[in-house]
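Presented below are the structures under discussion, each in the form of C-alpha cells.
Shared chain: chain A. Partners: chain B in the first complex, chain C in the second.
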Partner chain A sequence: MTRLTLDTLDLRHPGTERPALDALSLEVADGEMVALLGPSGCGKTTALRVIAGLVAPDAGEVRFDGVSVGHLPPERREAVLVFQSGQLFAHMDVAANVGFGLRMQRRPKREIAERVAEALAQVQLGDLGHRRPHELSGGQRQRVALARALVLKPGLLLLDEPLSSLDAHLRGEMRALIRRLQRETGITTLVVTHDQEEAAVLGDRVALMLGGRIHQIGAGAALWNRPADLDVARFFGGCNFISGRSSGGGFDCALGRLLLPEGAPSGEGCLTLRPEAIEPGEGENALTLRVIETRFEGLLTRITAEGSGLRLEALMRAGAARGAVPGQDVRWRLPREALWVLPGV
Partner chain B sequence: MNARARMALGALLIAALMAPLVPLALWSVARGWFFPQILPATWTFEPWMRAFAARSDIPGALMTTTCIALAASALALLLGIPAGRALGLYRFRGKTLVELALLAPVIVPGIAVGLGIHGVFLRLGLTNSALGVVLVHLVPTLPYVVFVMSGVFANYDAEAEAQARSLGAKPLQVLWHVMLPAIAPGVMVAGLFAFLVSWSQYILTLTIGGGRVVTLPLLLYAQAGAGRNDQAGVLAMLSLAPGLVILALVARQLAGRGMTIGGTR
Partner chain C sequence: MAGSRTSATEVIGRGHPWLSLAPALCVIAVLFGGGLVLGLAGSFGMGRGGWSLDAWAAVLGEGRVWRSLGLSLWIAFASTALSCLIGLGAALLLRRRFPGQGLARLLFQINLTIPHAVGALGILWLLSQSGFLARIAGGAGLIDGPAGFPALTQDRHAIGIIAHYVWKEVPFIGLILLANMQSIGDDPEAAARSLGASPFAAMRLVLLPLLRPALIRAGAIVFAFSFGAWEVPVLLGQSSPPALPVLAWQRFTDPDLAARPEAMAIAMLIALVSALLIRAAFAGRS
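This part shows the complex of A and B:
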C-alpha cells in the first residue's frame, strides 16, 4: 500500500534538554508491520505524531512511497493514527464514530452505512453499532477505534500502544486480531509499544528506539540474542556483560576462553549473555562459580554467582535452581549460541 | 437531616426568595390598592392592556432588550469561547494575571466603567446607539462566558481534535463535528448567563445608550421612580420571564446533569 521512509528526523520540544527525535531514520516496506519498541519517553509516540502530520519535525523528511509529505496537513496524509486512549467521540454512537472519516469525505450515505457495517464485522462488533462509547468495555472501545481507522482503507496505519489499556487476557485476543487484520488488509502498519513481547508478536520486524533514535532493527529474536550495543542488550533485560577480546571464534576474558557462535564480531568488546540462557551442568563453556545470592521471582529464580572476580546473573526454573545455595560452588554452562559480542564497548 | 426537614427548609427558602415578587405581581393586576388592604380591592388586567397598547413603549423596549441581549451574548460567546479555550487548555506565563484582569469588570463598579467607556465611545461615535450598548454589555457578560468556558475546556481533551484530523477532518470540520458537540452544554449555560446579565443591565445601558436606547430595566426604573406601581409591576413580571424560561430549560443541565457540562473524558 504505502512505503514509509523517515529520513533523519530531528525534533526538540521547547524547553527540554534532550531531543525527542534525534536523527531518526526508518524504512517500513509496503505491507509490512513494524513494531516500534522503546521505553516511555523515548520519542516513539512523537515519531507517530510526526508521521501523522500532527507535529512538524525541526529537520528531516517523512516520505510516503518516496514522496515527501512534509507540506501535507494530517487530514490529507495517507496515514491514520489510532490514539492510545482510542479517542472515541463521546457524543456519537459506535456506527457514527466508525463512519466519521467517511462523513468528513462527504461520501454517499449508503456507501458509508455499508462500509461501516463491513468494518464493524471485521472487528467482530457487528451488532454494537447503536451503542454509545461509554457503554462499551475497554477492549470493545479499542476495536471500534481500530475499525474507525480501517474503514478509511489507509495506506499506512499508525497504532499508538493499542493494547496498553487492556487487561492481560484481552490483550492476547486483541493482538491476534490486529495481526490477522493486518495480514488480511495488507496495510503498512507501524505499531508503537513499550512491551517487548508485544513487539515480538506483532512486528514482522522490531525497531528498538532509545533516546530519540533507532538503535537496532530486525527480527525480534535478533534483538534479543544479537543486540547491537549495550543499550539494546540492557533494554532487553541483559545483565551479564564481560569485557575481553574476541578472536578466531573465541572470547578471552577473566573466565578463560569461551567459544562463540559463528559470525560474532571480533576485536575488543563486551560479551553479553541473557540470564535465562545459562544452564546448570557440564559441557562446552562450562565454568565453576560460587553462588552469592538467590532470589525467588515467581516462575523463575534469579541466581547471582561469582567467578574470577566476575559476577553472572542467571534466571532458572525451580528445578534447575534447586542446587544453588549461597556459598556453594556450581557448574554452569554458557551455551555457545547464546553468547554475543558487543564490539568496541 | 431527614427528608421532611429538608423539604421544609427548601420551601422556606423558596418562599423567602419569592415573597418580594408577590406584591409586584399583584400590582400588575390591581386597581387601587391602598395601605390597610392586604389584597387589592379590585382586580383588573388593565395595566397589562395598557402596557401592550399601541402607544405604549413597552413592546418596543421588549424587542430592543431581547435583540441587544441576543447580540451581546452571541458576541460574548464568539469572543469568550476562544479565550476560555486558551485559559482552560494551556498553561502560560501570566495566566493568573489574565484571569484576574478578566474578573476586573465584575469587581469594578459599573458606573465607573460606564463613564470611562463613555468617553471612548463618544469619540468613536458609538454613544446613543444600540451597537454601542451591545458592545458595552460585553463588559459584564464576557467574564461569565470566559470563566464558564475555561472550566469546560479544562475538562476537554484536545487530543480528540488531533484524532479527528488524522481521520481526515479539516480544521473547520473538527470545530463543527468534534469541539462544538463536546462543549455544547457549556456553551448553552454560558450563553444563557450572558443573556440574563445583558437583559438586566441598567447603568451601562443608560450611560452609553444616553436614554435613546430604551430597554426594559430603563422603563422599569422610570415607572418605579414615577410611582406607577401598576406599570412597574408589569415590567417586573416581563423582566422575570426570560429568567424563568431559561431556568426551566436548563434546570436539568444545572442540577442533574451538571457534572457532564462539556466533559469528554
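This part shows the complex of A and C:
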C-alpha cells in the first residue's frame, strides 16, 4: 500500500480570484483512511484530481511513498479515483466495467473473469455481472464503481463523495461496506465528503479543508470539540463565541469566571462551546439567562438566551426545552469538558 | 389516490400530449405526408385514367435507373463516410483548449451558411479541368492543357460531388459531435485514465462509443441529403448515368407528360431506399 504526501500544493483555475488549492499539505499514512471534509467549493475534489494526475498543480508536489509522481500520467499512478457519479461506462455491462482496468493491463481473459467475479462478490453484486449500468439502482451503480477500483488492488483509493447520490438508508449501508472493505484490503484511502457525520464515521482521521487548505486534521471528535480556530468551530456548527481571558484553569468573561477543562490554552482568546452541550439545571458553571427566542427544529429545539449582554444558543431535546419560555429566566449549565478556548481570537 | 389526482391535474393543466402536438403534426401531415401520398399515388398513375403498375415496372426494368441508383448510393456512402471521419477528427481537435480556439471554431463552421448551389459552383471553379487548380498546374508546367488535368468534375466517380458534400457536411457533423462532447464532459475519459487507460485507449473505448449514437444520427441526415438532393449532381455530375434524383427531375420536367408517373416512381424509390438504409443503421446501433 502507499503513503501519500501532499506538499504545499497550489492551484488557481484560470479566471478565478480565489485559489482552488492554497499551499495544501497533507500526509496520509500507509493503510490509513482519511476523510477530506469541507464545504462545496473548498477545493477538495480538485485535490483528488491532482492526486489522481488528472489536473496538474501550479506548484507543490504529490508524493507516493516519498517519491514524486508529478511527471506520471494518471494511468501510471498507483491511484484510482472513484467519481461522485460513479462514471460507469454505459455501453459496457457490469462485468466489462469492473474488468476495464485489468483489460488495460492486458491480463489474460480467464484471470480477468475470476477477479471480476471476486470483486463483484466483495460488493455483494455477484449475480449482476451481465446487467447494463442503466439497469442498476443508484446504490448498485456506486458499488460497481467501487468494485471497478478495488479489483485493481491500487496503492491508493480516492473516493469523491461516494455516498452523496444515495438516499439515507443506502448511505448507511454503503458507509459500512466502504469501511469494511478498507479494513479488509488495507488500501490507503482518501475520501472526500461535505458531510460531517460521514467524515467522522469513515475517516480514521478527518481533515477539514477550507479555502483550499487544511485547517485542522485529527480524530473526528477533536475537530468537533477542540476546534483549532474560529472557522473550524463555525463549520462544525459552533455558534457560541465569548471573548475573554483564560488563566489558571478558568476563563474570565462578561458571564463571570467559567471553569475550563485541563489543557485549555491560556491567554486572551475566545471561548466556544457547541449549542447541544448546554444543559438545563444547576451545577458547575451554572448561569442565569433570559430566554429571547425558541425555534422548533424537529428532534431538537434551538433556544437563544441572553445574559450580561451576551447571547448564547442551545440545542435541547423537547423535554429539556419545555422550561424555556421567551421572556423568562432559565438556569443553564455550561459543562466544563464542553468548553474550549481559541487562543488569540 | 394522491398520485392519480396529480396525474389528472397534469392532463387537464397541460393537455394530452397528442393534443399539444396536434398543430405541429397537422403541418407535417399535410405538407410532408400529403406530398408523399400524392407522389405515391402519382407513381401508380393516379390522374391518368386509372391505377396501374406500369410506371414502377418501367422504372424497375430499366438498366439506366439501376446504374443511377448505384451511382447515388456510391455518392451518399462515400460522402457520409468521409464527412463522419473528417468531422470526428476535427471535433476531437477542436474540443481541446488552445489559443485562438474561438476563431478556429468560427472558421470551421463558416461554410454551413453557404448554399449548396453556391458551394457546388465554387467546387466547379476550383476543380474542373479549366478551373483554378488546373490553371495553376498549367502555369507551373505540370500539364500541357486542360485535358491533362484529371477529371474531378462531371467525372465517372463523382469526385466533385463527393468533394462538395464533404466540404459542406464536415462542419455539420463536427458541430453535432462538439455539442455532444460538451454534454458528455471529460469525466468518462478521466475515469478510464484513472483505471489505467492511455489517452488513445480512453478515446477509443470510452469516448467514441458514447459519441456513436450522435454520429449515426448526424450521418443518417448527411446520407439522406446526399442521396436525395439533385442540385449538386446537376452542376457537378456526369450526364450518363446521372444521379438518381437528377433522373427523377429529368423525367418530371420531360415535355412528354407520360414520363411523370416514372418520375414519381423514381422519387418514391429514393425515399424508400433512403428510409430502409437509415432504419438499418439505427437498428445496427441498438
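Keep in mind that, in the parts below, the second predicted complex is superposed on the first by the 345 of 345 C-alpha atoms of A that agree within 3 Å, B and C clash if a C-alpha of one lies under 4 Å from a C-alpha of the other, contacts with A are read in each partner's own complex, and residues count from 1 in each chain.
Just so it is clear, a residue touches a chain if its C-beta (ideal position, glycine included) is under 8 Å from a C-beta of that chain, and two chains touch if they have at least 3 such contacts.
These numbers were taken from a predicted model, which means no experiment stands behind them.
Asker: Between chain B and chain C, positioned on chain A by superposition, is the outcome a clash or a fit?
Answerer: Overlaying the two complexes on chain A (C-alpha atoms) leaves chain C and chain B clashing.
Asker: First (chain B), second (chain C), both or neither: which does A:288 touch?
Answerer: neither
Asker: For A:100 in the superposed arrangement: first (chain B), second (chain C), both or neither?
Answerer: The answer is both, since A:100 touches chain B and chain C.
Asker: Go through the superposed model and pick first if A:152 touches only chain B, second if only chain C, both, or neither.
Answerer: Both partners.
Asker: Quick one: is A:68 in contact with chain B, with chain C, with both, or with neither? Answer first, second, both or neither.
Answerer: neither
Asker: Check whether A:124 is in contact with chain B, with chain C, with both or with neither, and answer first, second, both or neither.
Answerer: neither
Asker: With the two complexes superposed on chain A, say which partner A:91 touches: chain B (first), chain C (second), both, or neither.
Answerer: The answer is both, since A:91 touches chain B and chain C.
Asker: Where on chain A do the contacts with chain B and the contacts with chain C coincide?
Answerer: After superposing on chain A, chain A residues 49, 52-54, 73-75, 79-81, 83, 85, 87, 89-91, 100-101, 104-105, 148-149, 152 contact both chain B and chain C.
Asker: Could you pull out which chain A residues touch chain B in their complex?
Answerer: 49, 52-54, 73-75, 77, 79-81, 83, 85, 87, 89-92, 100-101, 103-105, 148-149, 152, 158
Asker: Over in the complex, which chain A residues touch chain C? Could you list them?
Answerer: 49, 52-54, 73-75, 79-81, 83, 85, 87, 89-91, 100-101, 104-105, 148-149, 152
Asker: Residue numbers of chain C touching chain A in their complex, please.
Answerer: 187-188, 190-199, 201, 205-206, 209-210, 212
Asker: For the complex, give me every residue of chain B touching chain A.
Answerer: 157, 159-160, 162-170, 173, 177-178, 181-182, 263-264
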